[in-house]
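Shared between the two complexes below is chain A, which pairs with chain B and chain C, respectively.
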Partner chain A sequence: MQKTKLLNVLIPVLSILLAFVIGMLIILALGKNPAEAIGYLMKGAFGSKTNLANTVVRAMPLIFTGLSTCFAYRCGVFNLGGEGQFLAGSMAAITVTLLIGHEGWWVTIVAVLAGTLMGGIWGLLPGILKTWRGLNEMITTIMFNYVATLFMGYLYTTALREGSVPQTAPVPDTTKIGRIIPDLRITWGIVVAILLGVAIWYFLFYTSKGFQLRAVGFNPVASSYNGLSVKRYMLTAFIVSGAIAGLGGACDILGTQFRLISGYGGGYGFDGVALALIAQLHPLATMAVAYFFAVLRVGSTTMQVGTGVPTSVIDIIQALVIIFAVAGSSMMYLPKVRKFVMNLFEKKEAV
Partner chain B sequence: MNEILRMEHISKQFGDFYANKDINFDVRKGEVHTLLGENGAGKSTLMNVLIGLYQPTEGSIYLHGEKVHIESPAQAVRLGIGMVHQHFMLVEAMTVMQNIILGDKRYKGLFINHDARRKEILELSWRYGLNVDLEAKITDISVGTQQRVEILKALYRGAELLILDEPTAVLTDIEVEGLYSVIEKLKSEGKSIIFISHKMREVLHVSDRVTILRAGKTIKTLEASETDGKELANLMIGRELVECEYRKAEATGEPVIELKHVSYNKASKHNGLNDVSLAVRCGEILGVAGVDGNGQSQLSQIVTGVTMAEAGEVVLKGCRVSHMTAADFIEKNVSHIPEDRNRMGLVGNMTVEENLLLKSTQNCAFCDANGWHLKKKAMRAYAETMRAKYDIRCQSMEQEIRSLSGGNQQKVILARELEASPDLLVAVHPTRGLDIGATRYVRDTMIEARDKGCAVLLISADFDEVLQMSDRIIVMFEGKVMGEYSGKNPPIQAISLAMAGK
Partner chain C sequence: MNWNLLSEVLISAVRMATPLLFVALAELYSERAGLVNIGLDGIMAFGSLVGFLVCFWTGNPFLGVLCGALGGVLVNMVYAFCTVTLAGQQIVYGMALNIFAPALASFIYRVVFGVSSTLAQATLMKTVSIPVLKDVPFLGKLLFDQTPMVYGVYLLVIVTAIYFNRTKSGLNYKAVGEYPKAAETMGINVVLHKYIACILCGFLAGMGGAYLTTCYVNTYSDGIVAGRGFIALAAVIFGRWSASGVLLACLLFGFFDAMQLRLQVGTDLIPYQLFQMIPYVMTLIALTIFGSKIAGPKSKGKPYYREER
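Up next is the complex of A and B:
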């Protein structure tokens, strides 16, 4: 009800604040001025038009992987394969682009579709293993991540290698996803991401299928007794969730990175899981948290240059946010804590 | 007799709502004191206050004459209060012994002295006649035995005051007898028991005193020997209870569903069906009597399409079912009140409204564009109508259904299943765990559905319920149908014998 809704907002916000307090203490312990560090962080993120644009660019892949997690987890599918599905999307997109050999907007569309499809297939495979053979998707999706990463290695070192450096050729200029404003690196990919987020939110809460998908996620037994095909929904969740991550990969390679190199795409998938969980699996909140993560990432570089506080402090803060958010949600199941919080609410209501 | 517990002027407020208001309650040493009341009367809240899950808004608790503040269940245990919950709190994968010593804080050593602990537990079980196999896993023992484990667990922790929350709800008749003798033993050893129930007969049988709660208030405390079921029932529901005698249907119509020589998991005595043939006709209630776990679950799953029969024929409305899913059965107007409402009937984390509409969001009354847009207003309006029509008591339709009481949860299922005006209603233990008022309501509604021409298959472990409601009765034992009896003046003796497999 109202109280639970309020808690869903309160827990992440408190977690972020608490994580920052600890982060400041760490900075203080390093012998630096925390206020100054935060100042540089903010300046790095919001100081100029370019910096602001960079936060948006940085947020885009995170939004995709976060939404991918949202969709799967809402249906009770614990997809940890965002990493691999994202890469599958990027690889398909660049492979198609380079193989077609032509340039132009139609290649972009084909490549994006190929990326989405491949992401979907990368989700489908563990989905089949789960629905027909009952294998735990947390294990299989992670294993598929390795397959994707290693296959990417094959692409940039051997199959699609260009020249002496282990990397692929770049996406041709006219095939790149266009920028919204020519000066800034923000591409139309972010528009796709936001529209997708709104669409998923609408789907989950305002359509019949979305409603049924959530029911399956909460209680598969009751759902099957009420005539819902649990297997079909779960398999769909695998595919769609993979496709969302794949679309993200395609948008990222065609709009931001342009070529596969060693270490490409690492961490997006798992960051997606973390931020979707912080956002309590709400698609709109997921986008907000993704942006927040991006702000930290972008700002931290300026902070390091300006004050000498290493960027890893920001990694620590991020990790703390995750720990506090997850711990906070679980703590609400402890009777004493629950009682305490409810008492707080009751007092507030009395006032 | 000296008093061991006194709760004075206890009030517990949630928001504007008083779950308990000015309750006075006391327990003497060596007595069974029953708390009687409908669902939502405040019994659970009062007990949660006693075991420290809730803090009372007002009032005080005295143990052995001393005022105490009970702040946590752990503290309640230290003070000698043990509770046996309606839904057992046992770790299924562990053994009986492990469950009993689990979380016990009296011995601080790094290692567990198994022999000493076992000796202690055996002594207790011998003293109170609670025979259990300490090495058996919880998954392998019956519900009745699990309850004994819970009682042992409480005693092992030094409970002087035991709270039994609707202990008979899950037991078979024989197990209930066993429980009665355990209670006698406990009493004679000087333990006190708070017995929570709403079944008149057992209340009168086991209690020394009875306190009736209604709408969060104490109505009266009576000596059990000086009262009778009728008086208690009147006090409990606050109105005259009419002894219910349903009219039995005589002329019945076409069979809606027929089972011909159906078998499923035949080898199992407790979870299978062996050559079952039956038919449920329009406008009749076919009651299935039998001790729980003789194939009733499997029967209910086959007639609702949740599982497929392995052998034999299922004929639904004249069509032979070869491969159909639960969705197809729902399509053919089969409704189901499943045996476990929390696991099979409701999605606990979703709201009351969402649960009411679980089956019907594809219905054009509630969505446009083939399901791509839900009509939220129509959904809310429908849910509010159902709330009024089925008297569902909740704070709002936005409330998560798991926070409702059992009776109200069942009403939500009833509303969902009966509003579809089904041709066949399969009801499994439809009144299990419900109070008199809700039970009465559920039964009336089912009779009403029958009178409208619905075929009803009633599967229940409550023998009285089957006798009262059924137009025909069959008895199941070890997966087989033992016999068919008329619902009018049923031969009770013969049926009881059949239930025992004779």
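Up next is the complex of A and C:
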């Protein structure tokens, strides 16, 4: 048991290292100095108080979408709709804010609730299609993502457009989610994110409902023989994971971005899936991985300016980490490899 | 609606259906061998970049399509190794491809053309009209005045239909997707078939991607695939895992896409984004009405362990 746990930590760490080595080789192949690139990356991420704060700001939406994925996948629901649910949350939050027309903390709360609710609804729709018509959620959630993205386009070019530039009006100052330290951009949203992560971790691993939810994900047939309503758990997983992403969208628009513009929120949903997979669907690990990739992303902008290495090298590294991490854990199921590794452990213990 | 308009929309529908059809056939070959590949979007993105680059450098769209297809095979080999040899989860690797391949494509594009995006343009494939037949009123322009890719894909549909239903090798292939253990017992090399399936899938999906940059628009941009891989996945389900069904499904989805483009031009009153939603919403509606409770090849999505009893 202890060995499996060790492997669960060891495999992702090794994968990250291996992916980095390949990333460095790519940079080297471009004729750039990897050490210099890393230097710029570190400087961009940790060079000043503002930069450090930016990494936290960048991590917040990723934590939400990562947790959303975690929750759904643990119940066997392959929700790829984090993108759309995140946007649904942002759109509901900003629409409510602008429609109310007042300012103040109560508007913030109403907007956050609206965002969470809308995210939940956007998750419920594919959930209904899955449980009622048996449709593959991977296809339907992607379709809903595109619908949400296009609807956002409609909001900022037509319905809520302000002025000649295609964008919405900003969130009024007193409605914005407050900053923890006034001169840094970190908002209370990150506190919400972390508390949520801990709550999900506790729910999944230390409550009976959480256990049942995981049981449904692990083996739906056995669960239904044990009297669990598989459909109800799945539907719940759809709604909750959508709501988590929606809450993230609301926190992001009210705390960081303030208005909808072209390209808003792009990639958060898929990044969330990637992070959760690297973290082996563990909520606490997901938060750590989210921060790690936020660091890389913030740093990579400085790296691009400094060395001319495109930021998309980080995307490649991220994808390689998934490929290696999951390959690593599926290799452990192959009898030959398993035997070899277990032998290795035993030798170590003998020494 | 007059005849001209209808024929215009239908011609455009055939054009829009072609990349979908390539990719849906790719998925058909993959799922028939028991491999669900949701990484089609990623393979297409990489294929479209390779196709574009080769076309840009050599000025030869046909070479572009071929190289795009080979690029697709290359990317899909990652999926093949991880899901067949390592017996990993197919969904996860499909997802990994969806993240990996577009990132790689966008990275290569930026390395080639510099970080500041300059709009590079390549030549488009010319249409080849078939003499005599193209003069048939209405149908002539629709079916016999297209790019060779269009003719190719319809030929492929016919070949696929014959292969799966009328040849022994095709039945063997299907057996791998239905019940691999029985197939193995009968002396069919399951692992080899799965690898062949991955090569075909990568080749065709890469071709579908390359179609976008060599026949449809003459530039590459990030996000050019726009979920077509997933619509193709839906088309395979909708077409019930048969070549002719997939053809009809793709033509239907292509028609929605063409209609959407046409409607955008027609009116200023309704925001264009609502029209752009049509292909996605119609995919959902089509699946909801017709796509329920149909299962494809029985072992699809399941890893195959040769040693397991």
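Keep this in mind: the second predicted complex is superposed on the first by the 351 of 351 C-alpha atoms of A that agree within 3 Å, B and C clash if a C-alpha of one lies under 4 Å from a C-alpha of the other, contacts with A are read in each partner's own complex, and residues count from 1 in each chain.
To be clear about the criterion, contacts are C-beta pairs under 8 Å (C-beta built on N, C-alpha and C of every residue); 3 or more make two chains touch, one makes a residue touch a chain.
Source: prediction; values computed, not measured.
Undergrad: Answer with clash or fit: chain B and chain C placed together on chain A by superposition.
TA: With chain A aligned, chain B runs into chain C, so clash.
Undergrad: If you stack the two complexes on chain A, which partner ends up touching A:Y206: first (chain B), second (chain C), both, or neither?
TA: Once the two structures are laid over each other on A, A:Y206 reaches chain B alone.
Undergrad: Touching A:A215, do we find chain B (first), chain C (second), both, or neither?
TA: first
Undergrad: Tell me which partner A:G134 touches in the superposition: chain B (first), chain C (second), both or neither.
TA: second
Undergrad: Check whether A:K339 is in contact with chain B, with chain C, with both or with neither, and answer first, second, both or neither.
TA: first
Undergrad: Kindly classify A:S223 by the partners it touches after superposition: chain B alone (first), chain C alone (second), both, or neither?
TA: first
Undergrad: I'd like to know which partner A:T157 touches here: chain B for first, chain C for second, both or neither.
TA: Once the two structures are laid over each other on A, A:T157 reaches chain C alone.
Undergrad: Which chain, chain B or chain C, ends up touching more residues of chain A in the combined arrangement?
TA: C
Undergrad: Is A:A114 contacted by the first partner chain B, the second partner chain C, both or neither?
TA: After superposition on chain A, A:A114 lies in contact with neither partner.
Undergrad: Return the residues of chain A at which the contacts from chain B and from chain C coincide.
TA: The answer is residues 335 of chain A.
Undergrad: Chain A touches which residues of chain C in the complex?
TA: 38, 78, 82, 86-89, 91-93, 95-96, 98-100, 102-104, 106-107, 110-111, 115, 226-227, 230-231, 233-234, 237, 271, 273-274, 276-277, 280-281, 283-284, 287-288, 291-293, 303, 305, 307
Undergrad: In the complex formed with chain A, which residues of chain B make contact?
TA: Going through chain B, the ones touching chain A are 13-15, 53-55, 72-73, 304, 306, 325-327, 329-331, 336, 338, 343-350, 354, 357-359, 361-362, 366-367, 371-374, 376, 395-396, 398-400.
Undergrad: Could you list, by residue number, the parts of chain A that touch chain C in their complex?
TA: 26, 30, 78, 80, 129, 133-136, 138-140, 142-147, 150-151, 153-154, 157-158, 270, 273-274, 277, 304, 308, 310, 312-313, 315-316, 318-320, 322-323, 326-327, 330-331, 333-335
Undergrad: Across the complex, what residues on chain A touch chain B?
TA: Checking each residue of chain A against chain B gives 1-2, 4, 206-209, 211-212, 214-215, 218-219, 221-229, 335-336, 339, 343, 346, 349.
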